[in-house]
Each structure stands twice: as C-alpha cells, then as structure tokens.
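I'd like to ask some things about the structure below.
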Amino acid sequence: MATATTTPSLPTTAAARPLPAGAARSPRKKRSANVVFAVLGVIVFVCSAFPVYWMVSSSFLPTNKVRAATPTFFPGPDDFTLRNYETAIFGQNRAPFLPALETSLKVTFISLLVALVIAFLASVALGRFRFRGRRAFIVSILIVQMIPGEAMLLTYFRMIDSWQMLNTIIGLTILYIASVLPFTVWTLRGFVAAVPMELEEAAMIDGCSRTGAFWRVTFPLLAPGLVSTGVFAFIQAWNEFVLALVIMSRPESMTLPVWLRTFQQATKATDWGALMAGSTLVAIPVVIFFLIVQGRMTGGLVAGAVKG
Amino acid sequence: MKRNRLVATTVATTTTLALGLSACASGSTGTGTDGTSEGGAGDIRVWLVGSDTPDEAREYLKTTFEAENPGSTLTIEEQSWGGLVDKYTTALSGSDSPDLIEIGNTQAAAFTSAGAFEDLTDRYEELGGDDLLPSFVEDGTYDGKFYAAPYYSGARVVVYSKEVVGDTPVPTTWDEYVATVKAATTDTVSGLWTPGKDWRNGMTFVWANGGQIATQASDGTWEGGFSTPEGIKGLEQLQDVMLTANRAPADSDEQEPQVPFCAGQVAYLAAPAWVSGSIGADEDAEVPGCGSGIGSPENLSAFAAPGKTAGEAAPVLAGGSNIAIPMRSANKELAYEALKIMLSDEYQGLLAEAGLVPAKVSQADLMPDGVFAQASAAAAAEAISTPASPKWADVEASGVLEDSFVRLAQGGDVTEIAAALDAAIERTLNG
Amino acid sequence: MTSSTTVAPPGTGLDAPPRRRRRRGSPFPYVLLAPSLAVLLVLVGYPLVNLIITSFQHYGREQAFGQPPTWAGLENYTTVLTSETFYRVLGRSFAFMVVAVVTTFVLGTLLALLMMRLGKAMRMLVSIGLLLAWAMPALTSVIVWGWMFDTQFGVVNHVLTLITGQQWAGHSWLIDPLSFFGVLLLIIVWQGAPFIAFTMYAGLTQVPHEVLEAAQLDGAGAAQRFFRIQVPYVRTIITVLIVLSIIWDLRLFAQVYALQGIGGIVEETSTLGVWIYQVGTASGNYGMSAAAAVVMVVIMLVISSAYVRQTLKEED
C-alpha cells in the first residue's frame, strides 16, 4: 500500500533515507566513499548540463565569437548580444516565431488534455473491470506502438485532407492524440490497478456511492500517474515534426519544430548563434513545464509498476 | 443487440467529441482557413523556393498582380530546397494546395509524369512559344504535353576576389584552370571550394573529361556513365582537386558559400552567378556579406570555367527552375495571370539584374553588362541537363549523388564509388 | 511519429491484476473504452489496414496524385526481402538498438544508485542536471550536439586539440559511419539515461529498508544486495523499461534524420525508420515502403512475443 498511501518521493527535494551502505565499514572509509560519490555527482552534473549551458551561452554570443578558432567558455559582458534572438524571432526571410509558438502551445495542450481524459476513462475500464475483449485491447495497444509512423504519412495526410482539416490545429491535434494514446492508456492502466479496491470499498461502507468513492478516494491517488503520462504526451506533441511538416504546410500554421527545421535549413548550420537562440526558444517551454510538474512526476512514475 | 447499442454509443461519443473539438478549434486557431473553401475569392498562394528570387521581384509580382486583379491578393510563401520533393508530393495532392509553385528543373519530371500539374499545352504560344528556353520547356513537358513553364536559369560561373588571388591571370583552358586553382591553395585557403556534397559543381569535372551521368539505350534502359574511362578520369581529377586544392570539410554542402569566401578562405568559387549578390551584401545585413572588402565591386570578378580548348566554356549543370500550376489549385485562372506576370519582361528583368538568366531567349539582353553577365552567358551556352527521365528526381531525392561525392572527398576508391553510383542510378531510372 | 526515447514513463503493465474485479457483462467498461477505441480504430486501425493493402500494390507518386494503383502481389515484399540494403539497414538498426538500450540502461541504473548514496544537496544538483538533459526537445538536442561536434568551430575539436596537443580542427565526426553512430549514441544516452535514472531511483527507494538491513546483517555485500534483493523487487519496472526502450530505439527516426541533415553519408547511416521514409515519402515508392514497414512490425512482434505472451497470461 506504500505507493498508494504515501506521497511520492522526489529525487530533487526528497528523501529517501540514505541506505545503510557503509554501516559495516569504518567511519573513515565511509567518509572517503562519500567524497568519491560527491565527485561523481559533480561530474554527472557537468556532463548532463554542459550541452544546455553551451546552447544558451552560444545563443548570446556575437557571430565573430561563435565562429572563432577559440571558443568562448565564459562569455564576458562585452560578448553579450541579443542579436541572435532578434534574428531568430524577427528575421524576415523565415516563418514568424510567435505564431509558431502559439500553434505549438495550442496543439500540445489540447492533445495533452484530450489524450489524458480519454486514456483515463479507458484505463479505468481496463484496471477496474473484466470484460470480453480486454486482453485483445491490451495487446493491440502494445502492438500499435511498434508501427513506424513514417510509412503512413501519406495516409494520414489523405485522411486529414478529406476531413478538410489541413493546416488546422484540430487536424494535427487529432493525429497527436492518436499517437500518444496507446502509451498513455497502457501506463495509466497500471496506476489504476495499483490502487487497492479495499480503499474504495471502505469509502462505500462509509456511505459514499461507488462513483463518489472513486472520485474521492481513487482519483486523487492517480494524480502522479496522470502527471507522468501527461509529461510523455507533452513531450511527444511538442517535439513531433514529421507529421507537422506534412499537415501544416502554410508558414502561418507551422509548429515550433518545423519552424526550427526550416530555420536550420535556411541558415544551413552556418549561423550557429541564431540557431542556438532558436533552439533555446524551443526548449524553454518544456523546461518550464518540467519545473512545474517535476515535483509530482518522478515518484509517480513507479507507483503503478512497483507493486507486484 | 447489445453490440449494436455499443456501436451506436461509440459513434455518438466520437461525434460529440469531434464536434466539441472542432468547435473549440475553429474558435481559437486564427490560422488561415481563408482561400481554401470559397471558390473564386481570389487569394492565391505562390510557393517560391530558396532565396534565389530577389525581394524586388517578389514585391513587383505582388503589387502588379493585385493591381491587375482588383479584389484578389497574392501571398508568397518561401519553401526550402531541402526535402522539396517530399513536401510537394503531399502538399500538391491535397485540397489546400498552393496555386502556383516553383520547382527545380531537374525535379519537374517527377510531377509532370504523375499528373500533378495543370496542362498548359493550349497556352504554350501565349506564354512565349518557342521563345521560352528550350531545355526548360523540355523539362516541363511530359508525353507531348506542356505542364511547367521555364522560370529562370542559373548557369554556374567561377567567382574570385582580386583581394585574395591578386593578379593571377584568368585561365583560358581546362588544364590551366585546374593548375591555377591548385596553385592558389594554401593551408587555410581553398584553391577551389569543393565541399563534398556539392555534386552539381563536381559534375563539371566529369563532363569536361567527356563523361556522362547516364545514357539511354535504344530500348529505353539507362546506363550509368561514371564508370566509363572518361567518367573515371573526371572523378579522379575532381578527387585530386578535392584532396589537394580544397579546405572545405568533406561532408559539408554548398550552401552559404559567402561565409568562407568573405573570410578570405576561398580563392575560386564555382557557383550560380547570383551568388555575387550574397557576397556583395553589407557586413551588417541580415545575411551578412562583405560588400566593402573582399566582395566589393572592384574586387569581385567572375569567368566561365574554360573548356578543353581556349575560347570554349566547360560544360556546367543547367540549373534553374520551372513554374507550374498544381492540379488541385482552387484558383487556376488567377494563378495563370500571376504566371504571365512572372514571365513578363519587367519581372524577368528584375531576375536578370540579380544574376539569373531569364526564361525567354529574347530576354537575354535584359541581363546587365559586366563580367557576371558575360560569364553567365558563356557558361549557359554549354550547360547540360540531367537525364530526361521522370525518375531522375528520385535519384536526387535519395541523396546518392551527395553520398558518392562525399566519399570521393574522403579519398575513397574512385572505381568502386563510380560503380556503386552507376548501379544506384540504373536501379532508380530503370526500376 | 517521432517516438522520443527521452521519456518513457514506465508505466507498466505488469502488475498483478486486481484481485477482485467487477462483474462481467456490464456495458459500463465498454462505455469507458469507447472514446479510446474510436480514436484508435479511425486513426490507427484504418491507416494500418491501408498500409497493409498498399504493401501489396504498385503505389508510386502517380497514385498519390490520383491514378488507381495496380496489384503487385508479393512483389514489394520480395523486393524488400531480397534487397541487400534492407539487411544492411536492419543489421545497423539492431546493432545500434542493442548498444543504445544496454548503455542507457546500465548508465541510468548506476546514476540511480549514485543518487541513493548522495546527500540531499548533491542529489538535488544531480537531479537538476539530469532534468535539463531530459527536458531538451529531441530536435534541439541533435542541433546542439551537432554544433558541439562541428567540424570547424566545434568545442569538442577545440578541447581535444588542447588535451592531446594534436590538431583536431577540421576533424569531421559525422562522416565516418561508426563515428556518426557514436555521436548519435551520445545524444540518445544523454537524453535517455536521466529517465531511466529517475525511474529506477523511484523504484529502488520503494525497496523496504528492513529487508536490505537484514540482508546486510546476514553478510550480503553491496553487489549481492543489489542483484538478489533490489533487482527482483523492481523486476517489473526493468522489464517494461527494456521492452519500451527496444521498441523506441528501433523506431528511431527524428534524431537520425536531423543528424543526417548536419553531416554524414545518408546511405551508410540510415536506420529502419529513416530508410522507410527515404523509400516512401522521398522517392515515391509507397508500396515498397509499406512492405518494409509491415516487415518491421513483424520483426518487433517476434522480439517482444515473450513479453506479449506474459502480459496475456498475467492479464487473464
């Protein structure tokens, strides 16, 4: 019941008691081991954060510093320029940034919400009920994830076209919902199943209706599951670019990844400064989203799976 | 019965869901749904590729069209050359098709043969008839029908800056040319800038030595020409230049040549003549050039790559574009009006000023005087096109040419590369 | 669709089924399932059927523009299955998948173990670093790594020049296929390991302390405790993570496609997804690309069949 009743533990803030790793060793050995781990920790931090740092710092450098024989590791105040961002956001010969941002935000959030809602319903059916066709459904949502979408681009295009939804947010959103749904259902199902029926039954004895018991008792315990699957849906929709390229052919209805890609082609990887500025702009919303949900996310990831 | 009820519920739920969604989307999108459904409203979309068409010409097209067709609007949407065939295959076959599109002359056949374009045969005379550039008319014709009109041609010339090469005389024969670029090479300066992926310029070496991309036998099958003795000789010479007279990375491409050129890292640059515009741009332009230094009008000059004997030009790839009206365009008549403007003397004059060769033979004298125009004209006279097969665009799209030339630039075995390239080309063209 | 390897909430399928379920025969679960079913039937089922039909047709660019396709029988399949390129691409995709899954998994687990040994402040620092890497959009990270490995101005060449004293400027990292996949592996692992690390960490912290302490008193070493107690406890997570990683790494598309745009030789670096795209969308041979896609799904089914069977059994 641990996962169901305790708040999920978060690596950033939280707290699992340190394992009694060194209990059998001498204190000195333990201390030197701790130093080794701390050094490893710093190395991990530097390795994982450096590309992000490099992207951001390059994006503020003037072109002559970006394309210099000696790279600038620590930009001084003289090296600071917003020109790359000006080029990326307001550059004339490429698709505009702000409409792309708007489209991306809308597509992503609508996909996220709709996929979560219908996946949640399905996961309740799978996790709480036993019915004919249940196993077939579970296996097919696994198999569906193996199909390479690149082979079906033309079919997707035809379908969306026949519904008169090319270059519309709804057209792309529908495809994104379908693409994240199998995984979302599959994941949430585990979370639903992990919440013990006894809790609901206890609430029903206390006078709740079955639906009431579900919403008051089970649903709150599913929050971490919804958050972690939501993160997945968010990332999928935010990053996707092949479908977006095909469905959103007008410059004013581009999404950010398509925008970044035309940008990369237009500059052919020579204007690295502006390209880094564009990349930073695309990454910022994801980082913000992660910061908002990270507290709820990581512990939730396991809740469904760890029960065995 | 239960099943039926279930199905009914399913359908009902989906419908409700879809209705709810579309209501919410149409309220919030704001992205253009204009021009898609209303017939004859007259908002046409023109797709131009890359930055080849100068801004003045774009502006002229828009204002002229909108003045001649009151109430109608024209929007230019810029596409990129990379992945163009992929994008057109879907975009032109859908209901939200653009109304007028530019396409590379060597790519046109893939779409004319697929029935993607409006048949312009009846309007051939009106558009200019035999005055249109013949090789481009051929590119835009399939099965006796005329689908895609010439837009412009861009012969490749050799550009150099006096600030970098000094008083080196202009070479007059092919052998002299190769010797000159080799002599101009230093540790930091490419004698001839030959990035590996640039097969278009690399082809000049093959043709200059008598090789071919592919030849068609009488029974219609294609045979690759890189493995012939002439082809091998050309590739070997190109590889020699790539390895000894070139400092560009082996897997880089020919885009943005003004960057190394303006940095003084290039002695001779083989490129379409309009590259002079990018090189001569101001240092603080959005796409910076070096108009007051290496690329200043006094320093910058050009010549047509010389042929085997003095006074001749070497064969270069006939680059350029066609324009066509997609079959699925909702405004074909208006698109045709815009097409006429794009072939007019005024519009083509603006292209010519930017270093492009106009779409009609009679418009050649619109080209400004000067070394670039002379070099262009000389090079255009010897231009060669790619094999006339509807499948040629697939060869280009597969990237096999880039791959093979990159392998050359890496110092790979010429005979093996040529054999593999021929096999790949034959597979696609005969497949 | 771009499946990002970066995020794979492991959700999971393996938990034992709830002991008691509500009665059979109620229409209620079908009502709950209806929206998902409708979406999947229309948007996955129909295209899938279409894909299978196309794989038996001559379907080229003409057909995309409306000409009726003609039947090809098994021709597309024989072309794919006798094509040398297909096997090269397949072998390459597999080899890369195995290396990527193993590396990501081992590194992710080590990171999780490290996080368990760290104090609160250090754990926070490591988490932030990993979170940043994980949150980066796939396309963005390919571009950033491409820039770091840039032939002329890349920071990697510069640092190597400083360290080795030899001239690395001008060294192209993407042109040699092996080196291309090395860079690709770095990108995949950099983005994928944090997810594994967070998940494993969250799983490992659920292992009851009493059990571990008891084992320690019985004289079990750290390695023994890890393999005998911690691993069995998070077995379900590990299975799910591995199955998903296999599927996603085999389907890799966006990262390879984007990295090819930066450098390298397409023919020697294409993976299955990219090859299918090349054959279909780029070259207009939709019939053959559909056949290749069907073959790919069959192969993945074979790989994961044990897992599918197990799921079926446990779901009974």
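Note that the chains are named A, B and C in the order they appear, and that numbering of residues resets to 1 at the start of each chain.
The rule is simple: contacts are C-beta pairs under 8 Å (C-beta built on N, C-alpha and C of every residue); 3 or more make two chains touch, one makes a residue touch a chain.
Since this is a predicted model, take the numbers as computed values, not measurements.
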item	value
Chains in simultaneous contact with chain A and chain B	C
Identity of the chain that, by mean CA position, is farthest from chain C	B
Pair sharing more residue contacts (C-beta pairs) when A-C is set against B-C	A-C
Chain centre separation in whole Å, for chain B relative to chain A (CA means)	39
Mean-CA-position distance for chain C and chain A (Å)	15
Gap in Å, rounded to a whole number, between the CA centres of chain C and chain B	37
Multi-chain contact residues (two or more partners), chain A	118, 153-154, 174, 265
Per-residue overlap in chain B, given as positions that touch at least 2 other chains	17, 82-83, 89-90, 93
Chain C, residues touching no fewer than two other chains	30, 35, 37, 39, 42, 64, 152, 261, 281
Chain B to chain C touching residues, read off their complex	2, 5-6, 9-11, 13-14, 17, 82-83, 85-86, 89-90, 92-93, 110-111, 113-116, 247, 249-252, 327, 394, 397-400, 402-403, 406-407, 410, 428
Residues of chain A touching chain B in the complex	63, 87, 91-94, 99, 103, 106, 110, 114, 118, 153-154, 157-158, 161, 164, 166-170, 173-174, 245-246, 249-253, 262, 265-268, 270
Of chain B, residues touching chain A in the complex	17, 21-22, 24-26, 28-29, 31-33, 36-37, 45, 51, 77-78, 80-83, 87, 89-91, 93-96, 98, 253, 255-256, 259, 286-288
Residues of chain C touching chain B in the complex	27, 30-31, 34-35, 37-39, 42, 60-62, 64-67, 151-152, 170, 172, 174-175, 261, 263-268, 278, 281-285
